[in-house]
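By written order: A, B, C and D. Residues from 1 in each chain.
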Amino acid sequence: MNKSSMKFNTIGVITKPQVEPARKTLHALFSFLKNKNCHVILDQQIPDNIISSALNNNIADKFESASRKTIGEKCDLVIVVGGDGTILNAVRSLSHVHVPLVGINVGRLGFLADISPDKLEESLEEILDGSYREEQRFLLEVKVLRDNKVIFEADAFNDAVVHIRDIARMIEFETRINDEFVNHQRADGIVVATPTGSTAYALSAGGPLLHATLDAITLVPISPHTLSSRPLVVHANSQIDILICDTKEGIAQVTCDGHASTDVHVGDHIKINRKEDRITLLHPKQHNHYEILREKLGWSEHT
Amino acid sequence: MNKSSMKFNTIGVITKPQVEPARKTLHALFSFLKNKNCHVILDQQIPDNIISSALNNNIADKFESASRKTIGEKCDLVIVVGGDGTILNAVRSLSHVHVPLVGINVGRLGFLADISPDKLEESLEEILDGSYREEQRFLLEVKVLRDNKVIFEADAFNDAVVHIRDIARMIEFETRINDEFVNHQRADGIVVATPTGSTAYALSAGGPLLHATLDAITLVPISPHTLSSRPLVVHANSQIDILICDTKEGIAQVTCDGHASTDVHVGDHIKINRKEDRITLLHPKQHNHYEILREKLGWSEHT
Amino acid sequence: MNKSSMKFNTIGVITKPQVEPARKTLHALFSFLKNKNCHVILDQQIPDNIISSALNNNIADKFESASRKTIGEKCDLVIVVGGDGTILNAVRSLSHVHVPLVGINVGRLGFLADISPDKLEESLEEILDGSYREEQRFLLEVKVLRDNKVIFEADAFNDAVVHIRDIARMIEFETRINDEFVNHQRADGIVVATPTGSTAYALSAGGPLLHATLDAITLVPISPHTLSSRPLVVHANSQIDILICDTKEGIAQVTCDGHASTDVHVGDHIKINRKEDRITLLHPKQHNHYEILREKLGWSEHT
Amino acid sequence: MNKSSMKFNTIGVITKPQVEPARKTLHALFSFLKNKNCHVILDQQIPDNIISSALNNNIADKFESASRKTIGEKCDLVIVVGGDGTILNAVRSLSHVHVPLVGINVGRLGFLADISPDKLEESLEEILDGSYREEQRFLLEVKVLRDNKVIFEADAFNDAVVHIRDIARMIEFETRINDEFVNHQRADGIVVATPTGSTAYALSAGGPLLHATLDAITLVPISPHTLSSRPLVVHANSQIDILICDTKEGIAQVTCDGHASTDVHVGDHIKINRKEDRITLLHPKQHNHYEILREKLGWSEHT
């Protein structure tokens, strides 16, 4: 196969901030891409010495470093080397463009970074050749309104979590979906998660596993005072509104993907809805969502 | 409002087998429909004495008794007086036709029978006048295959439950969704539920609440041996296949809506998918799904 | 019955800081105690105007105000008027003495404050007469050790909670019981609760209900990462040691009864064991622990 | 060490009914016991050919076969080779005598059969030498009363389970503890478990882990209709009474240790209390209850 027959020609590479554990995998990736004669744009954060050692001090013409912005504009495929957190990070910077992402895990298998380093060449060969499984995933758009003004805005690929900072203080909040009153809850907080996020914090809090491509959002209460509280699953088109009613003199917080966060006060509304832009993930043909679940959740255990 | 302006003209009435507790509500309903000058077809199971006493021994010209089949063919609206079980029963006999259903509860508020008898006139007035909230719900089509032959077939509006009959014997089964292997489980069984059924048995087994109109199916393991088992939520288009691997010398069973059931053996496949026909439920305009959840699940409790 | 035949002669009265909602109940209590000719020592926090208006501006000889310390030393019974929080507060100041406590609830029925104001006279009559149900409950002794030095020390009647302050950061910790390694967990935290506390925060986190007088402690993980984590119940004599392994750059905290708290760092040990002093609660003869559970947890609901 | 210094001299050996998988371990055990010059009484169920091949067709003088009854009477230690089920079986036949038990697992590590075959010599050497960890465990005494007559009686080392046979029918029952009414439940059933049984069926049903030597019993509802139902933990001295109120025309059953069972009718009382006789289990000195939990429940997983 030569480059002209390849489906993707300009390839971005993004990796995790602590680049050392990824070094070996990056080496393999760079060799592969050089052999393929791809035009490669590396995230500026990747140190030069990693690049040059990978290419035997012989930086290929077709390798350049650039900002995430440029990667988003010029690449027709972005390869992310790291863990699920690295992909979350890449998604945040690339969600407005429509470049597909591929994840190669470093360390352990991830839900998102699902290509194992020892299958790197084989899997990428297939994908560059146009043989892959494409998956659309959505993000949440999260806004905090105070006195009808937006005081905070962030995207969430996994989840938006409303939570009290001080465990001794419960939070009280009201949830509305499409302007319909759902309930008034006293709890440590609530997780509003995409299907992608249903394997993350929402799962620890007792939520269900949503199939990755389901058009649905789950709302999972955290340590609810009312024992009959249960996780809700609603359509992804739903307009979710969480009104902070009481924080018992404690400080409540909204956190998106465990990353962007802001304090919220009594009277603040947290408005959550699906973002229009989608994320495209590419997987090898033989990718199986359930295989990853089995592996990550220990379902294959023999006990 | 006179009849000619009404949206629905031929009205079927179905009630529960133990008709006595429904007598008062049927009286009110019959009077209302007579005043409206509707053409009314009563389920044959309703005893004559209830009808005649309701109409002061003065059976209206426009009231007749007929089979469920005739009701399905001739009516453009069916009013069900009873509990959720009565509606499940009506749905089973009417799922192939497309007549909309309205539920009036007798006794306690139901998830499906959501019009309170004391709002009967007011709510039906609105609905007959064409002012209502329409909701499409789906059923499951459940088949048991043995040696590639269908040995059992039933519809389920709530759920299909695969379960061991003898508590001392676990069942082992494998689940596949769209031909992808999901997992091998040892458990007391599994519930496969529609959104409608997510408030029924699936909820007791630890499943999430799916919004009534969500295009999704939930699979909830019952007392699973693997502690990391969690409820799954998948798209309603999914082809679900449960293969019985071992019944530990016990007898396993499939039950649809707690009604139709059959024994299943090692090697049997239970195939479940969405039925093409939908059920149309009509609700008063001010109907609120979450209000019923709050009421039924005790969320409004003050503790 | 005259005073000489009464089992208790010097009665302390403690109430909640926001005394207003308790005013009516305090009036009734003061009248009752005056009629009984009891020697009454009121908590200094109770404002004079409440006392004088309760006694028609006619402060009885036998009524005096004093500190908690004096109440603990001189009284042979302490009546607490308020909610469960007021009793927790009273217990903290009186745990070293062995004076029995009686709780009269203000507002809602409590697990601890279980005498309803409208049964105040009847119930206290019985109790003063020596006809009651006595219950011993224990507290936890909680210490934080840093570099082998105790840097924090508090009692807990309900629970000691180790928790991360920032929801975006999981905590990692190791639990040892009687010097045996139990497990290494990643979670939002862990609740270590007495039977008394098993109806409080531990319950919201998914813990079991321990009978109030059981000699046991429960350890309940909060939103654990490992899905097979389950609440543990161990003997009340157990020496519990929680070692903070990682806080992911966040701040972890230990909180006792939602009241006393301190930050904890990586390497800190939280040592928890049963306190030697017991709390004695008196209940009316017909007191039924399960009746309160049914009432508070909505088990009597008719759904 | 010679025999005279050994703590145990007459050793019983019990194994599982399907003896083949245990053959290798039995060989090792028999050689070991022959070398130790122990007097060995083998369960009659063990086929001669296994014994003779283990001893090189050279049946030792000190090896004999006998009934469980004789084993119970003559032995001062019984070694059980199999899984937890084999130990449950041995306990049922030996609970009235006070001979200590040691469990060697065949296949997988068990909660009860906790000595691995590859540590057989080492562990037994220690134990015969008197160096071991002794653990007392209790059984439940289960009786079904109909019209005040005992119609069924069995012991349970793990649990007594009250359950409906037909999943389409809920059971209604009332629980009383020490004659105090606890609650009225609608559910698929209830598990009443010892600490030993808290790692078995009760765990699948959502119960807590009780430390093996805790003086407590847990009551765990199975798929309860009331969502605020929670597992209870009560003192092991409690008198538990479950009254069958309604079986919805289905058949309810009581099953002890998944073994002995009987049908129960409306009006039947299931009375459960601790049996006076205890079971003594011996473990190697370095035995750690939590290590087995970690292993069996997958807590050591790295996900």
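The rule is simple: a contact is a pair of C-beta atoms (placed from the backbone, for glycine too) under 8 Å apart; a residue touches a chain by one contact, two chains touch by 3 or more.
Note that the coordinates shown come from a computational prediction; the quantities given were computed from them, not determined experimentally.
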Centroid comparison with chain D (C-alpha atoms), farthest chain: A
Length of the line joining the C-alpha centres of chain C and chain D, rounded to whole Å: 38
Averaged-CA centre spacing for the pair chain D and chain B, given as whole angstrom: 43
Two or more partner chains touched - positions in chain A: 203, 225-228, 230, 297-298, 301, 303
Arrangement of touching chains [line / ring / star / complete / other]: complete
Chain D-touching residues of chain B, taken from the complex the two chains share: 161, 163, 165-169, 187-189, 201, 203-206, 222-225, 227-228, 253, 255, 258-259, 261, 297-298
Residues on chain C engaged by chain B in the complex (per definition of touch): 108, 226-228, 230, 296-298, 301-303
Contact set on chain C toward chain D in their complex: 177, 180-183, 203, 207-211, 213-216, 218, 225-226, 228-235, 238, 288-291, 293-294, 297-299, 301, 303
